[in-house]
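In the two complexes below, chain A is the common chain; its partner is chain B in one and chain C in the other.
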Partner chain A sequence: MNSLQLALIAWRNLWRNPRRTLLTLCAITFGVFLAVLLTALNDRNFSDMIDVAARLGGGHVVIQHPEYIDTPNLTRTVSGTTALRAAAQADPDVSHAVDRISGQAMMSTASHNAGVMFIAYDPDNEDDTTLSFLEGITAGGLLPGGGANDKSVVLGHKLADNLHVELGDKVVYTLMDRSGEIVGGMARVGGLVGTGADSLDGGLALLPIARVREVLGYGPDEATQVALFLSDSRRSGEVAQRLHADLPPTASALTWDTVQPDLSGFIAMKVGGAVFMELVIMVLVAASIFNTLFVSVMERMREFGIMRAIGYSPRQIFGLVMWESLWLAIVGLVAGIALTAGPYWYLAKNGIDVSAAYGDEALDIAGVGFSPILNVGIFPDHAVIIGLVAMAATLTAGLYPAWRAGRVVPVDAIKLL
Partner chain B sequence: MSVWKLAWRSIWRNARRTLVTVAAMAFALWVMVLYSGIVEGYLMSMERDVLDFEVGELQVAHPAYRDDPSLYNLLEDSDAAIAALEAAGFRVAPRLIGGGLAAHGPQSAGVMLRGIDVARDGATLRVSERLAVGNWLDPSDPKGVVLGRRLARTLGATPGAELVVLSQGTDGAMANDLYTVRGVLGTVADATDRTAIFMVEQAFRDLMVVPTATHMLILQGPVGSTLDEARASASALLPGAEVRTWRQLMPIVAQMLDGTKALIFFVFFIVYLAIGILVLNAMLMAVFERIREFGVLKAIGASPGLVLSMILAETALQLALAISIGLLLAIPAGVYMSTVGLNLAGLSGTSVVGLSLPPRWIASFSPASVAGPVVILVIMVAMAVIYPALKAALIRPVQAMRTH
Partner chain C sequence: MPELIVELRDVTKVFTQGKIEVHALRGLTLSVQAGEFLAISGPSGSGKSTALNLIGALDVPTTGQVLLEGRDLSQMSRRDLSHLRRDRIGFVFQAYNLLPVLTAYENAESVLALQGMAAADRRTRVLALLDELGLKGMEHRRPSELSGGQQQRVAIARAIASNPAVVLADEPTANVDSETAEKLLTLMRRLNEERGVTFLFSTHDPRVMSYARRNVHLTDGRIDRDEEATG
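Now for the complex of A and B:
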C-alpha cells in the first residue's frame, strides 16, 4: 500500500460526509481570507506611510552628522555632499539622492511672527517624488535655476494667513548660524503649500538651498542631510549598513525608523495588533478543525480496527488521517485564495474610503498625513507565510486524532458497534 | 426528565468535543473582553489627555482668534469674564499665547509661548502632573520656564539651562529676554511636546507687552452639566466671545473616539464568526450522530418543539459554561491589565492625531465593555445553532430510524 493510495482513500473519506467537510473548509477559507486581507491592508498602507514620511522628511536612509539625531541644529552638518550623493547613487537600491538643510526659524513681517520648521532643497534636483510638499503647492513655487539669487520662499497656506502675507510680500526669517550668531534672510513669498495637516500648513517654510547656504555661511557642498530614496523601503537597513562602512566619522547613515522612531513604533504596534488578531483567529479555526477530525476519527474506530486486522500498519493509519487533514489544508487554501481574489482585486484597485469614520480632515499619525482611502497590496513573502501557517495549523490540529486512529486495537475496535 | 437535565447529559456523551467547543468559546470571549477593555482604556486616556492636559472641555477666545491666532486678537474684559464664569461654577484658566524663537547655546527652535495663571491653571488642567524633571512654574520665579519634551531635546536644554527667547511684542519692537529652565514635561500632546514654553502670566505680559486682557480661557464645565449645556451657559455669559467645545476644536480626535468604538464591534463580529462556524459544525455533528435517537423520540410522541428546545438547551449550557469560564479567567488578566497595563515605553513619543500615546497602556473595564463581547457572542452562537436545531426538530421519524 503506497502513500498515493492512502492519499486517494483520504480524499474519498473526506467526501463521505460532505457537509462536515464543507463546514471545516469554510473555517479554513475564512481564516485565510481574513489573514490575507488584514496583512495586505497593513503591508500596503504602512509601506505607503513610510514612503510618505520619507518624502516629507529625510528619505528612507539619511546621511547626517552623527550628533544631529540627538541635537538637531544647524552646526551639525555633513560636507562633501556631492561625493556622498555620487557614492549613494552607485548603490542599485537607491533611486534618488538629494541635499537638504532643515531646521527651525522664526518667520516675521513688520507686525506678525511665527516659529516655523524650514526645509531648504535644490529646486533643480527635486520634484514631488522626493519632496511630497511640492505636490501640495497651490500657487507659485521656487524657481528652478535661480541658485543663490532666488530670494523666494514657499509658506504653508495657514502660516501665510497667520502672518497676513500674500504672494509677492516680504518676510524675514531669523535663525542661528553655526557660531550662535543670529542671522536673518529676507525673502519674498513665492508660493503657498497645503498639506492637509494643520501643524504643517501653519508652520512650514520651503527655501532654496543655495540661498540658505549663503545666509548660514555654509560651503557649496555642505548640508544638514543627504536624503536617499529607495524603490523598496524594506531594504533601508541593508542600504544604510552598506553606505555606513564607507562614510567618514563625521557622517552616519541612518534608516527612517531610527530617525522617526515614533512612526516606526506606531507601525510596529499596529502590525503587532494585527498579527495577534490573526493568531487568535488561527487558534479558533484550528480548534474547529480538531473538533471535526476528532469526531470523524472516533466515528470510524471500527473501520480503523478492520484496516489494522487486514494488515495496515499503525503508521499507515496515522498517515491516512494526516492525509485527510492535508487535503483539508490544500482545498481550504485554494478556496481561500479563490474567495480572496475578488475582494483583493477590488481593494487593490479602488480601496475603501474610511473618511466617514474619521471626518473629512486628513488624519495625521506621528506627524505624517494618512490617506483616508485604504488600499491593499500584500508582500509576496507575507502571502507565503500565511499559506504555510494555515497548512501547519491544519496539520497540527490533525496530529492527535491521527495518533488516536493509529493506536487502535483491532479486536476491541471491531467489537464496537 | 426535564429538558435541561437531558441536555446536560447529552453534552457529556461526547465530552472531548464539548470541551473543545467550550474552550474555544471561552478563549474567544476572554480575548475579546480584554481587547475591549484595552481599547476602552486607550480611548479614555485619549479623552483625558484632551480634557485635562491639552484643550479642556471648552475654550473661549476672540471670535477672530481661531482663524487668525495673532497676538492682537485679545479677549477684552477677561477679568470680568473669569469672575462671571467662576460664579457660574466653571473652572477657568486664562492663557496668553505667542510665537517666537528660543535659543540655548547654538541650538534654536521655533516655539509657542504660553503665559499661564499658575493657580488657576493648576485647578483647571493637570499639565504639572506630567513634569518629567525639575519643578513646575512658580509665580515667585517669573524668569523660570517649563519646556515641552521634544523642544527640550531639540534645544539640548535641561533644568537650570539658560534660554534666550526672541519675539516681537505688541508694540512692534523686538522682544527678547533671558530665562532659566525650571522643568521639562513628559509626553503631553504633539504640539505641546514640540513647541511649548510655559511661563508665568506676568513674564509673558512683560515680554510681549500685553498689559491687560488674554488670548484664551480654558474652561471645565460645572459639575454635572453636559458639554452642550456648559457651552450654552458659557456663551450666554460671554456674548462677545466665541465658545468652542473640545469636539469642535479637535474634530479628528472626537471622530476617532467614536469611530474606534464602532471598530471594536467589527472585530467582535469577525472573531465570533470563527466561533460561529465552530459551533455550527459541532452542533451539526451532535445532531447527526443522534439522528436515529431523535427519530425514535419523535416516533414515541416527542413534538418538534421538544427536540428543538433540547438542542437549544445543549447549546445554551455550553455557552453558559464558556461565558463563566471566559469571564472568570478574564478577572485576573483584567486586574493585571488595569493596574500594571501594557508597557509601551518603547513607543514613547509616538503620537496619533496629535495626541501622544501613554507610556503605559492601562485597560479600563466598565459593565458595557464586558457586556458587549458577551452579548455579541450569544447572538452569534444563537445564529449558528438555528440550522442544526431546525434540522433535528424537523426530522421524519421513519427516515431517521433507517439511518446508520
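Now for the complex of A and C:
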C-alpha cells in the first residue's frame, strides 16, 4: 500500500467526525490568521520606522570616520566619497548613496541667535526618499544646480520664528572647522520646514553641501558621512560587512542599529514580544490538534488492531495518523491564508489609524517619529516561516497519537473471540 | 497426503491478572490439514479465543509450539508475523470490522494492496470475487450502506482475496439473522469445496458446528472431543 492510498484513507478518516475536524481547522486557521497579521504589522511598521530613521540621518548603512560615532564633530571626515559611493552602489542591495555633512552650528541674525543641528546635503541628488525632512518643506527650498553658489538655507519654521526671519532674510551661520577655527557663512532663508517635532522645528537647518564644504575648507570629495540606502533594511549587516573590507582605515561602515541603539533596542524588544506571542499561538494550535488526534486515535484503537491483524505494519498505521495530521495542517493553512487575505489586503491598503489613541502627542519612538496609520506588509520569508512553523506544530502534535496507533497490540485491541 | 497447515504442539498459555494466573490453554495439541472446514467450540473460558489468537499469529504461547505451514511462529519477528498475517492468514470477525471509510471494493482489495499487487490485477481478482460472493453492483458502497450479511460477505472477500493458507472466522454468524447465517455458511462451505479454502471457526453456534466437517470441543484449555462429521 503506497503513501497515496494511505493519504486517501487519512483524508476520509478526517471527515468521519466533521464537527471535530472543523473545530480543529478553525483553531489552525485562526492561529495562522493571528500570526500572519501580527507579523505583517511588525514587519511593515518596524521596517517603516527603520526607513524613517535612515532618512532622518545616516541611511541604513553609514560610512564615516571610525571615531565619529563617539565624537561626532566636523574634524572627523571621510575623503574620496565619490569613489566610496561608486563602490557602494555597485552592491546590488544598495539603492542610493549620498554625501552628508552634519553637525552643530550657531545661526544668527543682527538681533537673535540660536544653536542648531545642521544637515548639509546635495539638492541635486537627494529628495524625500533619502532625506525625510524634505517632505516637510512648507515653503521654498534649496536651489537644485546651485552648487557652491547656492547661499540659501532651509530653517525649521519655529527656528525661523525664534530668529524673527522670513523667506529671503539673511542669516549668518558659524561653525568650527577642522583646525578648531570659527568659520562662518552668510545665507538667505530659502525655505521653511515643519516636521511636527518641536525639537527639530526649533533647531534644524538644511544647507547645500557644496557651500558648506567651501566654508569648512573641505575637499570636493569630503564629508562627515556617506549615507547608504538599501532596498531591504534587514540586509544592512551584510552590506556593512562587505563594504568594510574595502574601506581605508580612516573610514568604517556602520549599520543603522549601531548608530541608533535606542531604536534598535526598542524594535528588538517588540520583535521578541511578538515572537513569544506567535509561539504561544502555535503551542495553543498544536495543543488543539493534539487533543483532536489523540481522542480520534483512542476511539479507533480497535480499528487499528484490525488493521494490524490483516497486515498493516506499525509504520503504515503511524503514517496513516501522520497523514491525518498533515491534511489538517494543509487544509488549516489554506483556510488560514483565505481568511487572512481580505483583512491583509485592507490593512495593507488603508491601515489602522491609531492617532485617536495618542491624542495630540507626537508619535515618537526612540527619537524617531512614525505615522499614526499602521499598515501591514509581511516579508515573504516570514510568511514562509509561519507556514513551516504551523506545519511543524501540526505534525509534531500528531507524533504521539500516531506512535500510539502504530504501537497497538492487535490481540489486545480486537479480542478475537 | 493433505498438507498440514496448522499445528499446535502441547501449547500452554498462561495469563497473569494481578497475582492470579489464568491457564487458558493446558497442553493443546491440534493439527489442521489443508482444505478442512473445522469448528472449535466450547464454553466461555474454554480457550477458543486464545487458540485462535495463537493460530492467527496475534499472540505467542507460554510454552509449546504453533506452526503455520511448518514455520514456528515463536521464532518469527514482529515484522515477519505481520507479513505472515497479511500473506497467509485471512480473518473474518464477528462484527465484520470493515474499515468504515473504504468502499466494499476497497475493503476487499486492501490486503492485496498491502501485498503490493498491481492495481489492474487487484481489480480483476476483486471484482470477480465480489461477483462470486453476490456483491456485484455494491462495489462502491461503504459498510454503513450494506446489510450485516453483505458486510460479512465483503469481510469474507477480504479474507480470501489473497488466497491465504487458512481463514480464521470468529463467530461469523453471531451478528446476523438465521437466514443470513445459513447463506453465509453455505457460501463459506462452497468456497471450501470449490476453491479449497481452509476455514477454521470458533463458535457457539450449533449451525456452524452442523456445517463443519470436523468439530473440536474445548473444555478448560484442553480438547475433550475431536469429531469428524458424518455424511
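Here is the rule we go by: the second predicted complex is superposed on the first by the 408 of 417 C-alpha atoms of A that agree within 3 Å, B and C clash if a C-alpha of one lies under 4 Å from a C-alpha of the other, contacts with A are read in each partner's own complex, and residues count from 1 in each chain.
Note that in this section a contact is a pair of C-beta atoms (placed from the backbone, for glycine too) under 8 Å apart; a residue touches a chain by one contact, two chains touch by 3 or more.
The structure displayed is predicted, hence computed values, not measured ones.
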Handout entry: First, second, both or neither for A:F30, with chain B first and chain C second
Key = first
Practice task
Would you sort A:G180 into first (chain B), second (chain C), both or neither based on which partner it touches?
Solution key: first
Practice task
Would you sort A:S236 into first (chain B), second (chain C), both or neither based on which partner it touches?
Solution key: neither
Practice task
Of the two partners chain B and chain C, indicate the one touching more residues belonging to chain A.
Solution key: B
Exercise for the section: Classify the contacts of A:D161 with the two partner chains as first (chain B alone), second (chain C alone), both, or neither. Expected result: first
Exercise for the section: Considering only touches as defined above, state whether A:T21 meets chain B (first), chain C (second), both or neither. Expected result: neither
Handout entry: Which of chain B and chain C A:Q64 touches, first, second, both or neither
Key = neither
Exercise for the section: Pick one for A:A309: touches chain B only (first), chain C only (second), both, or neither. Expected result: second
Practice task
In the overlay, answer first, second, both or neither for which of chain B and chain C A:T130 touches.
Solution key: neither
Handout entry: In the complex with chain A, residue positions of chain B that touch it
Key = 14, 16-17, 20-21, 23-24, 27-28, 31, 67-71, 99-101, 103, 105-112, 153-154, 156, 166-168, 172, 190-191, 195, 251-252, 255-256, 259, 262-263, 267, 270-271, 273-275, 277-278, 280-282, 284-285, 289, 344, 346-347, 349-354, 357
Problem - Of chain A, residues touching chain C in the complex - result: 1, 5, 9, 12-13, 16, 302-303, 306-314, 316, 410-411, 414-417
Problem - chain A residues within the chain B interface of the complex - result: 19-20, 23-24, 26-27, 30-31, 34, 70-75, 103-106, 108, 110-117, 161-162, 164, 174-176, 178-180, 182, 199, 203, 261-263, 265-266, 268-269, 277, 280-281, 283-285, 287-288, 290-292, 294-295, 298-299, 357-359, 361, 363-367
Practice task
Going by the contact rule at the top, pick out the chain C residues touching chain A in the complex.
Solution key: 48-50, 52-53, 56, 58-59, 78-79, 82-83, 85-87, 91, 93, 97, 99-102, 110-111, 113-116, 158, 168, 170-171, 202
